[in-house]
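Two complexes come next, and they have one chain in common, subunit A, joined by subunit B in the first and subunit C in the second.
Let's look at the complex of A and B:
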């Protein structure tokens, strides 16, 4: 966190509301609520949380697939909002995305060669004669042979398809790739191959990743910084080493102790939290309080701000201070 | 929490599958997706069946339940449930067993619950079919009791709701209530029951499974691709690869000392976290699962195996019993067991 390098991407106060129509009534859901993040060049920022926490909406805001209702996005020192047309095109080259489902994200009637060539032609990155060679280079850098270029997506395995998605993403030589659960749909034995590929590409190309995942063990392995989101808000943000050594927010703790550890000697005794995420259930105070085993009166009165508890470690919990010092955890959360 | 697996196994098992082979009919001839699987589930035992997609684990479950898709058929083998061979029992009787003495909890209850029926109706319907002697008022009372048992809040009000009005976690609880409502379930088959759920909800549902299994003294076959889920709930584990069981062992033994190179590869490839390993390469199993239609010679895992020797490509290994009551399908297991030993899972 102490890296002096200017951030590649800085988002401040991002907010996105959606209108939902359910049972005739229209209600508003704030999917992302006052979220600020910062991405350092060459590093990985992981966004962790359960469904409905706003992590995928945040990804869409960062990639400009959706426009934020409020807040500012600064990429490479320039606010997105004041960019010219050519600068916007440049942004769409610099920021790419890899999705969870390699089945749904590749056009089925295009051959792999065309799929990988497409971003090259859109951004005029290779002449017609050089395209074939460049596609072969890109395929090779994601561990695929040139013969794959002639195949259709349905002829590939899940792992190969995800490699093709990654090939498309790196074709424009981006600086930031937003990865939305990139290995969740893959089989265990293939998952680590793709994780290794992402790590190699980051090292070789100096990429930054905004890595969205629900898998804490994986995040622990690849992230430099971790943000935990709950119902649209960041509730904890810390360098990965600090976070995994001592998560401070009760929700972070709950996530961690709910993750099934692949070790039968370390079985969870009881579920860490009861209840489920309910959007709109809480209008005042802390959004996690109805599930929080440590909630007190204060939690119902005001929404805790995301405040630093140590350099680079932010927590949105009224009890963050005492939770850092007292052994409340062992007593109440197990 | 783990009861002694050996004590459990002395009684005759609830489910005893022997040499089960299942094939899909295909223009080019039958394609075997489950090959000679032997697996038993003892009384009150939770057996985990782990495998990747296409390993044949779900088709195996459907064969037991008698719900194979039309293009699939059992070629060989025996499925003994509480002593009777289900392959010799008429389909109408298997249908009677299903939902009564054996039941399924599917991955995504949205697909198994009828979207057009209220929760109450779906629950009481099971009783109408299997327990016709129970009157209508008692059926409703039983439905409420079951919802309460599986931790659904406001059970009375839920009866009038439709599946889409419930969250994924609640729907899965309803599916579990439906599976257990007859009160005579001996074998519960759960096929990826928590895969579609968030991690805090997964922890709640797994806890529910373990509690219900103890309370109702039922047996559970838990099918999953998630080794974490297995480690947290199962007593015994069977590992399936390309239609075959490659290893069967008690959960502690399997995780402490996997014998098969595939099991070992799976366990090693899991990220363990920690600062020392951060951003380093994860061990991985190269290549992909072979197609079930591909001709097979020798060990199915040979192409991907780091310990492959000549014989692996020529002769298919048998599932062999080891000295410690485990079984493993590998020519080199004895020699490798020493090498894989002392690997400490997580400290």
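Let's look at the complex of A and C:
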């Protein structure tokens, strides 16, 4: 490979805790715990995991909608610290976000034209006279006609709404777009259209994506790098091709076995995972051990660090080395 | 700002103006009746000086306590002053006070409500003060304020403002709190919009409806409070004619000259009714559920 390009976004040791008050008692939930990611310009980094694993919180930390309790974010070689309005503007011009719910994320009383013009006027990117023309250009680049500009969001279909969200996100010509499950709220029939639109825009505009999803088939289609999160931690991180060929972490395998494969001849023989995510259930050791089919004594004693098993492939599991060989899997499953 | 050009062929024919007006009246009868009544009232206070050019302050020893007739359509009071003229001038004083108080309430209520909904540190101060003002029964608080400041038109405005601004603050604050974590607000923030922009453009328009309802109800209460205060002698000082003052003065003559009390009583009822109808009508129009629940 050629010399690696400097990362566009580098997060190290991000941590975010929330205080929850329930029945008088204050509980702390660590939504994101010591997460480090790197995003190469022009590539897509996918974060996968069950709901409640901290994916969306990570997205909000990266877009600075939430402030991390610990850790550092470096964007394009500059540490991000939003202390003033001008820093906020400069950052949000480069980093935009597409939300999951296309019904809730568009201001209901704004017409589409105003929605797409909003980032232009916030960042003073177009004069009052040029706005209309620019909005029409942006709309056409997401496959919408200029007549859409006069409509209200509730007059549009889900797919059209998500196109409007994407139009709004690309209006400032950002370099990174954080997509928080951008197609999971859509009908299956329009998902692929939106995904292909995102891929086209990435190619044409040189965008990088931080792509939050729980849909492995989709991630396989678009991601360059995959990070699997479990209860606020990254448990496996690998180039997409490596990950989908040979996932190492038991949780990754479980995720993969639970996503349907359209091939009747392929036997689904990975271990099934029981139970549900329970935040705070485990205070010591590996947090996946209560659901892990391969857990041993060591897993209860210490939390496995995220260590490389191959170049670019990191796994947080005490048995990652053994899992590299097929023997253990087959032995376990008979 | 931006309006789409849609080909005209695809747009269904727009009903004629009269037709649309009828439809609207049929679907919002309370609002329509209330607005018609308020228009009548405003026209009455604006136009009658042209029709009845009698000085409301001019005293006549020969014409005192006259029943309604051709010369004095609503009769005269114990000093021979024309009741209709006094009603008209009193109405313009009432409306002036109510409009000024409502405008003040709108400006400060919306501004303080937005700020306290957005910033918890400010909210603690603003909410403590506005909640403690809400503890007092309305008229008692108004009497306290006027007793402290002395009776005058300006002080009545201040009293009504202090009475009603907490309700508007609470309404706007509730809307800001409801929407400040909404997805579309987060989206606006993430694209770089400032707090002020988010509040003014993305959140406040969602609160306009309930705020309008509060303001129209506040307006009618302003008229009532003003009348109550002038009845007690705490409103605009005599000889300025006020509705409340006229009722107060009519008490002694209720057996001999009942028209003195009936006319101002009726017009206060009319004014308050019209504004309450507008308030209820607005609420129904903006929230169809409350109409369904009421039936």
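Everything that follows uses one rule, which is that the second predicted complex is superposed on the first by the 310 of 334 C-alpha atoms of A that agree within 3 Å, B and C clash if a C-alpha of one lies under 4 Å from a C-alpha of the other, contacts with A are read in each partner's own complex, and residues count from 1 in each chain.
Here, a residue touches a chain if its C-beta (ideal position, glycine included) is under 8 Å from a C-beta of that chain, and two chains touch if they have at least 3 such contacts.
Since the model is a prediction, treat every value here as computed from it, not as a measurement.
S.K.: Sticking to the clash and touch definitions up top, decide whether subunit B and subunit C on subunit A clash or fit.
M.R.: By the criteria stated at the top, subunit C and subunit B fit after superposition, with no clash.
S.K.: So, does A:146 touch the first partner subunit B, the second partner subunit C, both, or neither?
M.R.: It touches subunit C, and subunit B stays clear.
S.K.: In the overlay, answer first, second, both or neither for which of subunit B and subunit C A:101 touches.
M.R.: After superposing on A, A:101 lies in contact with subunit C but is clear of subunit B.
S.K.: Check the residue A:55 against both partner chains and state whether it touches subunit B (first), subunit C (second), both, or neither.
M.R.: neither
S.K.: Put subunit A at the vertex: what angle do the Cα centres of subunit B and subunit C make there, to the nearest 10 degrees?
M.R.: Nearest-10 rounding gives 80 degrees.
S.K.: Between subunit B and subunit C, whom does A:63 touch in the aligned arrangement: first, second, both, or neither?
M.R.: A:63 sits against subunit C, while subunit B stays out of touch.
S.K.: For A:93, using the defined touch cut-off, is the partner it touches subunit B, subunit C, both, or neither? Pick first, second, both or neither.
M.R.: Once the two structures are laid over each other on A, A:93 reaches subunit C alone.
S.K.: Go through the superposed model and pick first if A:199 touches only subunit B, second if only subunit C, both, or neither.
M.R.: first
S.K.: Which partner chains sit in contact with A:131 here, subunit B, subunit C, both or neither? Use first/second/both/neither.
M.R.: It touches subunit C, and subunit B stays clear.
S.K.: With both complexes overlaid on chain A, does A:241 touch subunit B (first), subunit C (second), both or neither?
M.R.: It touches subunit B, and subunit C stays clear.
S.K.: Per the contact definition in the header, classify A:218: touching subunit B only (first), subunit C only (second), both, or neither.
M.R.: first
S.K.: Check the superposed model and tell me the shortest C-alpha distance between subunit B and subunit C, rounded to whole Å.
M.R.: 14
S.K.: Which subunit B residues qualify as touching subunit A in the complex?
M.R.: Touching subunit A: residues 1-2, 52-53, 167, 169-170, 198-204, 206-207, 225-232, 234, 251-252, 255, 265-267, 269-275, 277-286, 288-289, 304, 345-346 of subunit B.
S.K.: Once bound in the complex, which stretches of subunit C touch subunit A?
M.R.: Residue positions touching the partner: 1-6, 182-194, 197, 201-202, 205-206.
S.K.: Mind pulling up the subunit A residues that touch subunit B in the complex?
M.R.: It is residues 50-51, 157-160, 187-193, 195-196, 199, 214, 216-218, 220-222, 240-241, 244, 254-255, 257-268, 270-274, 276-277 of subunit A that touch subunit B.
S.K.: Can you list the residues on subunit A that touch subunit C in the complex?
M.R.: For this pair, the touching residues of subunit A are 60, 63, 65, 85, 88-89, 92-93, 96-97, 99, 101, 104-111, 113-114, 117-119, 122-123, 131-132, 135, 146-151, 165, 168-169, 172.
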